[in-house]
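Same chain, two partners: chain A is paired with chain B first, then with chain C.
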Partner chain A sequence: MEITSLRKTNSMLLSLQGRFDAGAADDFKEKMRTLTAQGVACYVIDLSRVSYIDSGGLGSLVTSLRRVREIQGDIRIASLSDKVRKVFELTRVYRIFDIYDSSESAVASYQAEAVQGVPLCI
Partner chain B sequence: MKALIIFRERDCGWLREFYPGHHPAMVTICNKPLLEFKLDFAMLCGCTEVRIVVDESGPDIETYFAGGERWGLDISYSLMKADESIDSLLLKNSTFCHAVPLLLIDGFLFIHYDKAKGCDPLAGVDTGLLSSCASGTVLVTEDIRCMKSISDGSLAQDFALSPLTCLDDLFQISLQVLEAEQAHYVLPGYGTDRGILLGQNVEISRGVAIVPPVIIGDNVRLLGNAQIGPGVVIGSRVIIDSGTQVKRSIVQQGSYLGRELFLSERIISGDRVISPRDGAILDIEDGCLLSPITPQTPGYGGRVVGTLLAMLLAAVWVVPYYLLAGLQKIQHDWHLEYRNFLLTERGDCLALPVVRNNRHSLAGKLFSALGLATFPLLAAVIRGKLLLVGNRLLADHRANRELLRGFPEYLPGAFAYSDSEDVLPGSMEEEIAERYHAANRGLGHDMRILQKIVWSNTSAHATDKPAQSLPL
Partner chain C sequence: MHMIELTTPASLEKVQLGVIAVRNIAAAYYQIVTGKVPGEENVFLDSVELAAGEACTNAVKYSPAGKAEAHRLQVCFALEEDYLVVMIKDQNAAFDFATVMPPDFAETPESGYGIYLMKETMDEVSYQRKDGWNILKLKKRFGTGE
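And now, the complex of A and B:
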């Protein structure tokens, strides 16, 4: 799986491409660990180009969310394909993530919070 | 124009007790899902794209409506957290809602309209209008950026809202639609007489009296001298036996009503009689009076393979199990006890053996490393009570019963799905693994899981996970 990172105002946009399975989950967790160590706390994960996600991939998202929440950060999910959305629904992961229909709106949500004075860690 | 239709569990969760296994949006009024009435209304207002947003899983919604081709609509789906505000929802769906007139239906309500009159809610207004009832809101706006300037007021006389806050609301609206508004909506079935709508494959025996208004679904049998109506809605796959009288009642799909019964002002659902006025439920145990009719589904072929594999495993493990168990018993490090575990979301239980041993002794370590704590469960697999590979066994207590209410795919196994993954017991990751694999279960899938568990030896029985084997 390919992970592309792009720094945005108030957040980090990570675009994932390919199969997000248990194997890719380790790469993702490592990437998140590195970025979090650099002080990045607010993330947007764009899943529009993820063709497949399994419980390992979802587990790594949840583990990463737990870690960033420890530093008052957040992970917001953007652009779920129908296939990935169904897996989010089956596993009820949507109960813990904020899901946006585009990465722009997810990034904008952080900006809106910054305008409102909600402290952001980046 | 686009429509955003929102269902919140806090508004409609009360219905789950009466309508188990379905999303409340799929509850039927005159044999038509509530959500379909909302879609028809959206079409009447000129919507071509609809997004359905839920905060509680509703796979049956998507199975029924799919992409909306049947309605000539483009239907998409979205998920939200519980108690999401409208502002937040609009931001999360901003690509869908951006710069177009929007019809927003938020809440568990019924919209009364008349298909013959049409509806143009934006006629003669600049920004938009809002209409509310006790359980929801309908909002129409030219542009979501103008939402703040929309004031609460009565919309045009084209439609009215009825709140759905209890079973009686639903019952009364069903009868209202049946008795007074039948011509206002597109209802399933064809009309043979004024006030009577029949579905496909309806068998009406000699002597059956049908007094309109009555709506009858597909694949229904009404046997000799039954008296149906007035004011009756019969769902699909229903048999009403001879001599039975049904008046002002709703018979939900998949119900058998025995002979010579008299039912009035009741909802019948399988073997349940529900009084809509107070929500009282009476479960009938005599199948000759009432019983559910369930369509036959193909069996789970994996059970046969699972049973054979369980026999094989039992043959391989029998000697080391009794040898190591005996050794630990001598050291007073081993104990076998029976506990109740949940088998289905309905709360059916089974007493299963649980090994409690000292895992730090040499024999205990070997016992765990070989995964022998699963051995006593194999008997239940061979008897067909348990799957070989399935969901983690959950002890019978209240929290687990609550958990299973929202987990219809749950089928426990001697080997647990989450044992194949490196997840912490009781964590969200474990729940994800259990739900994910349960949704994808199949013979090939389960065999791969079994291979993974055996290969990696990450069985719960070799760790401290709260499974069948517990430390002393």
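And now, the complex of A and C:
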């Protein structure tokens, strides 16, 4: 799986491409660990180009969310295909994430909070 | 009767390739049985891919530490009436399938969804231990694709 990172005004946008399975989960967690150690706490994860997700990939998102919330950060999910959304729903994992239709709207949600005076986390 | 059998080393890297193969073989059966070419979005194929992927990942996860590459897992395909049958076989330690509990959804655990997802996406999931092999049998009825 490829992970592309793009720094936005109030968040880090990570675009994932390929199969987000148990084999890719460690790479994703390592990427998140590295960015978080650099002080990044607010993330948008764009899953529009993820062709497959399993419980291993999903688990790495849950692990990463818990880590960033310890530093008052967040992970917001964007652009789920029906196939990927179904796995979020079956596992009820959707309940702990804010999910957006597009990465633009997810990025904008951080910007809106910044305008409203919510402390920035990046 | 098994009509196709795949054998792969029990590593996550190899399993990824194996699961892609499972989807493609399931697509071929789908086309033969239903007479329809499955599109990219197909619930039947998505279900088989996910359930088989979870089963194969578990087989790797529970391989003896440090010896995963030396272990093999097998994926066998068969037809039973209007069902596709996919069997995942490994030689790991036996486990008590009947007592595996569903995840505690209230806690949103980071793992432990595998068997639950198999049961949710397949029409039937069963387990048997035979001649030193764990055999997970996944059954999915054709016609649930559209």
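Brief remarks follow.
Keep in mind that, in the parts below, the second predicted complex is superposed on the first by the 122 of 122 C-alpha atoms of A that agree within 3 Å, B and C clash if a C-alpha of one lies under 4 Å from a C-alpha of the other, contacts with A are read in each partner's own complex, and residues count from 1 in each chain.
By definition in this document, a contact is a pair of C-beta atoms (placed from the backbone, for glycine too) under 8 Å apart; a residue touches a chain by one contact, two chains touch by 3 or more.
All values derive from a computational prediction rather than experimental measurement.
Once the two complexes are overlaid on the shared chain, A:Val93 sits against chain B and chain C alike.
In the overlay built on the shared chain, the residue A:Leu13 is in contact with neither chain B nor chain C.
Annotation for chain A, partner touching more residues between chain B and chain C: B.
By the touch criterion defined above, A:Ile75 reaches neither chain B nor chain C. Looking at the shared chain after the overlay, A:Met32 reaches neither chain B nor chain C. In the superposed model, A:Ala41 lies in contact with neither chain B nor chain C.
By the document's definition of touching, of the two partners only chain C reaches A:Gly23; chain B does not.
When the shared chain is aligned, chain C comes close enough to touch A:Lys83, but chain B does not. Contacts of A:Tyr52 after superposition: chain C is touched, whereas chain B is not reached.
The intersection of chain A residues touching chain B with those touching chain C, taken from the two complexes, comprises 22, 54-56, 58-59, 62-63, 82, 86-87, 90-93, 95-96.
Chain A makes touch with chain C in their complex at residues 19, 21-23, 52, 54-56, 58-60, 62-63, 66, 82-83, 86-87, 90-93, 95-96.
Of all residues in chain B, only 55, 57-59, 62, 77-82, 91-96, 406, 421, 423, 428-429, 431-433, 435-437, 439 touch chain A in the complex they form. Of all residues in chain A, only 22, 54-56, 58-59, 62-63, 82, 85-96, 98-102, 104-105, 108-109, 112 touch chain B in the complex they form. By the touch rule above, chain C contacts chain A in their complex via residues 12-13, 15-16, 19-20, 41, 46, 49-50, 53-54, 57, 60-61, 103, 105, 108-114, 116-117, 120-121.
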